[in-house]
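Letters A, B and C name the chains as they come in the text, with residue numbers starting at 1 for each one.
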Amino acid sequence: MDISLETAEQVAPESGFNVHLSNFDGPFDLLLQLISRHKLDITEVSLSLVTDEFISYIRSLELSGEGWRLDQATEFLVVAATLLDLKAARLLPSGEIDDEEDLALLEARDILFARLLQYRAFKEIAASFQEMIDFADKSFPRVVALDPALAALLPEVLIGVGAERFAAIAERVLTPKTPPIVAIEHLHNPLVSVTEQSRLVVEALRQAKSMSFRSLCVGAESTLVVVARFLALLDLYRQGNLRFNQVIALGELQISWTGAESGDIEITDEFDIPVVLVDETDEDKNV
Amino acid sequence: MSNVEVDRSIEAILMVVDEPVSELTLATVLEVPVDIVVEALNRLTHSYEDRGFTLKAINGGWRFYSHPDCSPAVEKFVLDGQQNRLTQAALETLAVIAYRQPVSRARVSAIRGVNVEAVMKTLVNRGLVEEYGVENETGAILYKTTSYFLERLGLKSLDDLSPLAPHLPDLDGLDEILESLTD
Amino acid sequence: MSNVEVDRSIEAILMVVDEPVSELTLATVLEVPVDIVVEALNRLTHSYEDRGFTLKAINGGWRFYSHPDCSPAVEKFVLDGQQNRLTQAALETLAVIAYRQPVSRARVSAIRGVNVEAVMKTLVNRGLVEEYGVENETGAILYKTTSYFLERLGLKSLDDLSPLAPHLPDLDGLDEILESLTD
């Protein structure tokens, strides 16, 4: 832990942990920065080191009081969860891959690296775009009006469209090209609902009384689902419906159900973005 | 500044300006004596003898012109059908002016998201658009459509322009949007 | 028509036009094969190497430009030439769109790992990117780069974008993984 503290301070010595989100553009950007700072090949990243730093950045963001936007938080969480998974796999004794979960882990790593590599490629291209724009900006086009003598030769101008079509063109050009306001694409599809995962978790725990987090996440289609289930557990824990038990650090996380055997459990929706339904839009008009 | 540098700089400037430029202006920009500029202009004019263009001083200002020898090709190009039809860019610019007149060139540029200098000149040249005073605050030249524009579109007056959909933001709303773009 | 005549005629025409001219238009006006026009344009561009101007084909059309070497002198004349610099985020988003077009916003978000809503809005408003229909399955709006984008980057066409492959390490299976991410 001391190591990660030191390295984090090296990044921003003047402000300690006070990292501002504007320093980097999203989790991929941060991860690339961390990786390049260690001059490591992206495919041979010293995962524990980078993971520790990544997590401490997230902590420092929390402490900085800037707060999180949900979309940012989920993006960082997904990357953090993947990194933690990978780090955990590294720490465990390496054995044969005989487990479907291990395979899934390897797949998660490949996907994260592939996405990072892809991002890095576009980052490099972006730099070349800037160079091209700078070069193009040095050359100015010849922009002249037709010589009056030549203009006099021109036949009558043809507007080429009628008044209706002309109005349609005006309308298209004058309409501000603003994308739709209710945007949900920023939660990578498919969307995962914490509320929905919460119900599944409650059901599973009521049945089994006690189970490990690992087994609770068997069958999770994506890392996002794992994150959602974890968030659901945290909320249920807050309400006193379950107990966590972990014998050793990074060991198996056991969850025991202590809540009611049946009946409704208050399920949080604070993690889910409200979906604007068609019949709710009337209210919005008043805004 | 060497002779070659003076020559090239003058060529570059005259290539992109529309209005003729005086020797004094060139000398000021290049920070060389007027004599040097005059010499350079003579040297350049000579070097263009076998080219399709030439330099000419008209009303004390210098500008590139097509060479008189090549006027048949130029006239053919101008007369060729392609020139009397408005391009998409010209049409869009004309539409903005028609529905937002009087309007400055900067405003039209902001709405269309591109530099409209060349297109505006074409529209003025074709008699579809004309200057109409200046904007009070900025001093920018305002433009409006001409009666020739109405004639070509087959309209009696501007009131006959088809109305735009009511949901379009008015000028005030547009200002805010444009304002936000400059951040 | 002799080579010299073709050269001079092209020079003369390009000197009077207010918008870029395609090789085909030049060939039609001069009544020569397009090959001859292409040859002439190459010959002319070479002959301008030590001049203050040059010929460039951007977005499919040729016109005269001031030589990049002379930009300091020209900048003094061009007042509204200062374009706002694009931010790093905007450049990266533009790069993704340029190479993956037509592409949905969600897809760009996934590649960059962040929400690109605000940046996309800026790019659309700057005229660099525009909507281009909808994706069949999802109904998501697709985006592509505009011709103004080509102009700003000084490109003749999208084919002139340098290939993406050299920026990606040659790893087994990377393509497949990237492909699977697009689902």
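As a working rule, a contact is a pair of C-beta atoms (placed from the backbone, for glycine too) under 8 Å apart; a residue touches a chain by one contact, two chains touch by 3 or more.
Nothing here was measured: the structure is a model prediction, and the numbers come from that model.
When each chain is reduced to the mean of its CA atoms, the one lying nearest the mean of all protein CA atoms is C.
Of all chains, A has its CA centroid at the greatest distance from the CA centroid of subunit C. Between the Cα centres of subunit A and subunit B there is a gap of 47 Å.
Taking each chain's centre as the average of its CA atoms, subunit A and subunit C sit 31 Å apart. In terms of their C-alpha centroids, the spacing between subunit B and subunit C amounts to 22 Å.
Across the assembly, subunit C contributes residues 15-16, 18, 53, 64-67, 71, 74, 78, 125 that each touch 2 or more other chains.
Residue positions 140-147, 150, 176, 178 of subunit A each touch two or more of the other chains. By the touch criterion given at the top, residues 14-16, 18, 53-54, 56, 63-68, 71, 74, 78, 81, 83, 86, 88-89, 91-92, 94-96, 98-99, 104-106, 109-115, 117, 120-121, 124-125, 130-131, 140-141, 151-155, 162, 164, 167-169, 171, 173-174, 177-178, 180-181 of subunit C touch subunit A in their complex.
Chain contact summary for the complex, subunit A toward subunit C: residues 25-29, 42-43, 71-72, 75, 79, 110-111, 114-115, 117-130, 132-133, 135-147, 150, 176-180, 183, 185-186, 188-189.
Residue ranges of subunit C in contact with subunit B, taken from their complex: 4, 7-13, 15-19, 25, 28-30, 50-53, 64-67, 69-71, 73-74, 76-78, 80, 122, 125-127, 148. Subunit A makes touch with subunit B in their complex at residues 140-148, 150-151, 153-164, 166-167, 169-171, 173-176, 178.
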